[in-house]
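Listed next: structures, encoded as structure tokens.
Each of the next two complexes has subunit A plus one other chain: subunit B in the first, subunit C in the second.
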Partner chain A sequence: MRFFKQLVLAIAALAVVVAYSPQVSAQSGKPIKIGFSMALTGVLGAGGKSALIAMEIWRDDVNKKGGLLGRPVELVYYDDATTPAKVPAIYTKLLNVDKVDLVVSSYGTDVIAPAMPIVMRSGKVFLGLFGLDVNHKFKYDRYFQIMPAGPNPAQDWSRGFFDIAKEKGLKSVAIAGADAEFAQNAVKGARANAKQDGLNIVYDKSFPPSTADFTPILRAIQATNPDIIYFGSYPANSVGIVKAANELGLKAKLVGGGMVGLQFAAIMKNLGPGLNNLVNYDFWVPAKTLKFPGIEEFLKKYQAAAAGKGVDLLGHYLPPWAYAYMQVLGQSVEATKSLDDKKLAEYIHKTTFNTVVGPVKFGKNGEWATSRALMIQFRGIKANNLDQFKMEGTRVVLKPDTVKSGDIMFPYKK
Partner chain B sequence: MDASLFLNAIAAGILLGGFYAAVALGLSIVFGQLDIVNIAHPAFIVAGSYLVFALNGGFGLDPVIAGILLMPIFFAVGVFVYRVYYAAFERTGRESLAGLAFFFGLMFVIEVLFIIFYGVDYRLVEADYIGKQIEIGLVGIPWRMLVPFCAALVMTGAIYLFMSRTFLGRAILAVSQDRLALQLMGADPVKIKQIAFGIGIATAALAGALLIMIGPVEPTIGRLYIGRIFAIIVLGGMGSIPGTLVAALIIGLSESIVTTYIGPSWAPTVAFGFLLITLAVRPQGLFGRL
Partner chain C sequence: MKISGFWIGIVLVLAAGFVLAGVADNQFLFFAGYVVLQGLIMAVAWNVLGGFTGYVNFGSAGFFAIGAYTAIALHQFAELPLLVLIVIAGIVCGLIGLGTGYLTLRLRGVYFAIATLAMAIVFESLITNWDYVGGSAGAYVITPAEVPFFDSFIEMMFILMLVLSLICVAVSRYLSMSRMGRGLASIRDDETAAECMGVPTLRLKLISTTVMGVMMGVAGAPFPFFVTYINPLSAFDLLIAVNAIAMPMIGGTAVWFGPVIGALLLGTIQQIVTVTISSELNILIVGVVLIGFVALAPRGIVGLFQDFARKRRGGGK
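On to the complex of A and B.
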């Protein structure tokens, strides 16, 4: 009888341990530290802060489910102020002082590139967030870029834009890009596409990112009478360009390309109808063709978290990708049951990941195996209304054909 | 040469120069006349932009009117900042390096405050005339640039008249030339300087309104203007109000013409090259006195 009682007590105790074991182990293990610098202030601060919110949502989601390898996840990060010079010191500190287990990148080409030599020296897997053609010269086999620019990122990024030009039989192009890493990579690809398609390049110049008024630039472009105008620009530049284009009544038939900022809620709301018919890159917009499992649930969480924080309220542009690159890292750790960078890199190279931005498969150079850079067109935008951008139809996907949601309204201005 | 392109380049340059004058005017008084290296001046301009954004979004006030309404508040803030600066550094003769550090610190504090309260998202204002332009013959003039130009011209004219026609204005000029002589005349140089500093900061409110009319603003965007502002002040001749306006117009015109005919990336090089050549020939600047 006594033995029987002891047996019952032992089974009950075991049941309690089993019932609570995931939570107990998740909260009791040493945290897995994921380190990164982030553009929380400066030119890309608006995007960087929204990315951080997405990464924190991922951390909370993972920790609620018991963490990674039964250990809680901790994010260790510093503001790089969108200043490339600050980045190497931050990653040195993350790796040598904070002793993080894994690293991911900041947001944007300009602040990802300076981290590369430090990360490469340590042999860490490095997931990048919206860096354009960063690995072109480094050729680091543990670098992976979540932005779906494609295997030849500089050129694939604007391929859709030039495919539209080709379909419409356009002949001449003007190219203008800001004097900084991302924009120069973007216009380099645009130039290559234009040459490949036999277009006549009638204007090809750079401008300082601090340019206050774009009227003289647009007038100089207008004087060359191009069919197409491709811009590679940062948020403040993009606003200046759109305003000047509307004031001047720009006559080109296809305008846009690589303009950062026109994806941000505050800027879209302010520019309103001024955006109509402009064709620009994007990576996710509300469209039937881009409804991936988990994306709507994520956006609901993001929009609730972003309210009142002075960041992008919609979260369509960067946050899903910030969540997705953490998903790739998390899924790899769980699948390999390891934090070993060699194993993780091998796994990431061979796997197709299911994420909130759809299936992700990386190619040999760490870029997406197939490009899914969208070319969208702003359509029927009304003044001073943010909610319209939550609906399908205000940003129509023109390219690539696999996710196309409508046909182009042509030309840019009648 | 295309006459339309040339005339529009000139018009755009003049309008841009007017805006630059508004941005540089306050620092021309503070740095040029009072010899205070207020590196935080662009941060005050951005503060003006944010408060104008709040008044524009909250009450639908026109950005320029909002900027004018904020000027007395900025004046009071300027007076307070000068009192702190004077008590901590100028009175003890430690203003050169420690004072510079003070204004650097102030710049960071202002930026961080706006990051905390407004976040880092871009802010823009709305007004009926933004996005429209008027055509005068071959020349198209966007209201977005014309309104800042006119506002800058009025502000510069008002400051010039104040400085040259009023007792207080002349006292400010006197304190910049010979503080001891002014003291011997029975005037208090510290009070005069605090008023001048207050006026300098007050101009930042209107300059901020003009800045956010032209383009979007985020808390650290003022840093982009630091080099240009100092270049205009030095080129104009330290502390000269008409000199600041003329120098701003020269920089604006040279940027616009170079952008149109050579390429935008050459614009700062030519503008700063012009500054270097002017200083080599006339070290005191265009309107400065040795």
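On to the complex of A and C.
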């Protein structure tokens, strides 16, 4: 009996301590579960892992500040292996079995699209990470996508590149793209921009995504003597293109465009000076014009967390956006003081969010209201040096004009 | 009239499926169940040619994808009912299967296997460059939010897949146990000897490849409606072909129920592993289990049980 009394007293004392401790009481509720599938393995595995690190940093940051609505945040996720067929079952489990409060997407169009019908039927707000124009078929008014490709993603993506061509008075263009989803959307947009600007398309062909040796393709392009060469390519292709362009001494005035991979630390380090003067898309680079509040602190945390995990060491490409789409969700929950999807969607539609990637405003179709896809130029790159990419000036922002950090070095090769 | 246990089993499984659809609230079961049943049809289909007839097909993903893309093309053209799409996809893939059967006139063994793999690559290139079905950028399918007689679209898809699976299993059993099945087995054991004994080898091989094609096409046709977004990369996924081979090998290729056991076992493990450990581990599991069975129990689980039963009988004497 005496023991029982002591136990009751101890529990009561503990309850008093808990009640008067703001940190603990702030997170004493049931966790808010945010569910998602993530491409942790498969084709986009490396990118997906780096996105997850960023999302975990956001979770820890939020929980340190007392969570959302006074409740701790918990991430519930499964690896979709970049396989679309796995996604419907995962989102059904998240919603029906795990009973998550909020959902966000995996990384990439292929694995975002299969989740859409499931999420739409549950009426959940759905934040997308680097999906290209996924909503054009679904037209879901609670879908919001963080990649800043703009309201007409396929065409807005390369608009800056063709604006540069226009300013320089260039006349002819060669377009080459890999035969796969993103690259084909990219070249489709490039084709539309070229036609809109009245450019003469002298070469327009696709290549298999597995292509690594680009010498024959670049020779064929060179034979048409274009002013501009626009590539839509995947990482392995992009490496092959840059190497072949340097070996052949490719002569064109403006080269680059939609080359995936040239944003990744390992590839930039590997290609080194071969990148100089290429003009390519990017979403964030170290530049005065892109120093948004919180980005440097985030990158420091990311780079510390990424070491030894086999992911991108710089974290300039995908991780800030993975952090930012969670910020959008978190800020919306705090502002509406609710997990109600209708309220959240209305709030996201009308609000400009302050995030580590700058102000984010979504348009009607859930894409950015205006494009902020960057066209950057590699400049003064030295061999075998990763740290140089942390400095300003190695990737100069040419477009859009609102965040421009320097002028173009022109032409690509004399 | 005597009704065999098999047909009673078929009716019971079907009834269980309907009961599950009626009482289960957990939609995840239907998604996971759909994937397992899709694997089951592919395994049964592969076994008709690979197990019964002895012709190894590495191009399963090609047949599956042709089924899926036939459905996409017709859906783009006229939004036909899903059942009609499945039937047409089955016919298209059956005809391609028939064409594959004629390959066996010139190719046997490893050469036939390589030819089926090459055929899948050819089809992938064609689809990748066919803009009408989305080309390399892929195609979207918007599925209805409500369907008659079912609580949800996935519930309907699950029951549909269950019915198709049972039909495929019944066809496979008929092929295996009939006179035709003995003819196929003779081709597997020694095609030249079978030919000499008067077995109509070409006709049987053509039936075998056509049935295999129809079944794989039928498995592929509903796939775009399951994932809602399809591109050549996901439709021609190598894992589809690997699973179609691994499941019968693990279950046992000599009998009709071998691939059923293998598909239910491996498919269920894969679904559980996806939401517990890691999706990528699936591939490792398939690889390790397949190597294990090929090396230690080449006749699969069914063979293991048969050996066990034989030893017990022998011990009892």
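Everything below uses one rule, namely that the second predicted complex is superposed on the first by the 388 of 414 C-alpha atoms of A that agree within 3 Å, B and C clash if a C-alpha of one lies under 4 Å from a C-alpha of the other, contacts with A are read in each partner's own complex, and residues count from 1 in each chain.
We take it that a contact is a pair of C-beta atoms (placed from the backbone, for glycine too) under 8 Å apart; a residue touches a chain by one contact, two chains touch by 3 or more.
Since we're looking at a predicted model, the values are computed, not measured.
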(message) Given the alignment on subunit A, is it a clash or a fit between subunit B and subunit C?
(response) clash
(request) Classify the contacts of A:A81 with the two partner chains as first (subunit B alone), second (subunit C alone), both, or neither. (result) both
(request) Answer with first, second, both or neither: which of subunit B and subunit C does A:V239 touch in the superposed model? (result) first
(message) Taking the superposition on A as described, I'd like to know which of subunit B and subunit C A:N96 touches: first, second, both or neither.
(response) second
(message) Taking the superposition on A as described, I'd like to know which of subunit B and subunit C A:P293 touches: first, second, both or neither.
(response) neither
(request) With the two complexes superposed on chain A, say which partner A:A113 touches: subunit B (first), subunit C (second), both, or neither. (result) second
(message) Contacts for A:A223 in the overlay, against subunit B (first) and subunit C (second): which applies, first, second, both or neither?
(response) first
(request) Tell me which partner A:D179 touches in the superposition: subunit B (first), subunit C (second), both or neither. (result) both
(request) Mind working out whether A:T41 is in touch with subunit B, subunit C, both or neither, as first, second, both or neither? (result) both
(message) Considering only the listed stretches 92-100, 182-190 or 200-208 of subunit B, which one runs into subunit C in the superposition?
(response) 92-100
(request) Using the superposition on A, tell me which residues of subunit A are in contact with subunit B and, in the other complex, with subunit C. (result) 40-43, 45, 81, 179, 206
(message) If we count contacts the way the header does, which residues on subunit C are in touch with subunit A in the complex?
(response) 25-28, 30-32, 35, 128-129, 135-138, 140, 142-143, 145, 152-154, 223, 226-231, 233-234, 237, 239, 271, 274-275, 278-280, 282
(message) Under the stated contact criterion, what part of subunit A meets subunit C in this complex?
(response) 40-43, 45, 78-81, 83-90, 92-93, 96-97, 109-110, 113-114, 116-117, 121, 137-138, 178-181, 183-185, 188, 206
(message) If we count contacts the way the header does, which residues on subunit A are in touch with subunit B in the complex?
(response) 40-43, 45-46, 48-49, 81, 176, 179, 205-213, 215-217, 219-220, 223, 235-236, 239-240, 243-244, 246-248, 261, 264-267, 270, 274, 309-312, 384
(message) Quick check on the complex: what are the subunit B residues that touch subunit A?
(response) 2, 5, 8-9, 12-13, 15-16, 19-20, 111, 115, 117-124, 126, 130-133, 140, 142, 144-145, 214-216, 218-221, 224-225, 228, 255-256, 259-261, 263-265, 267-268
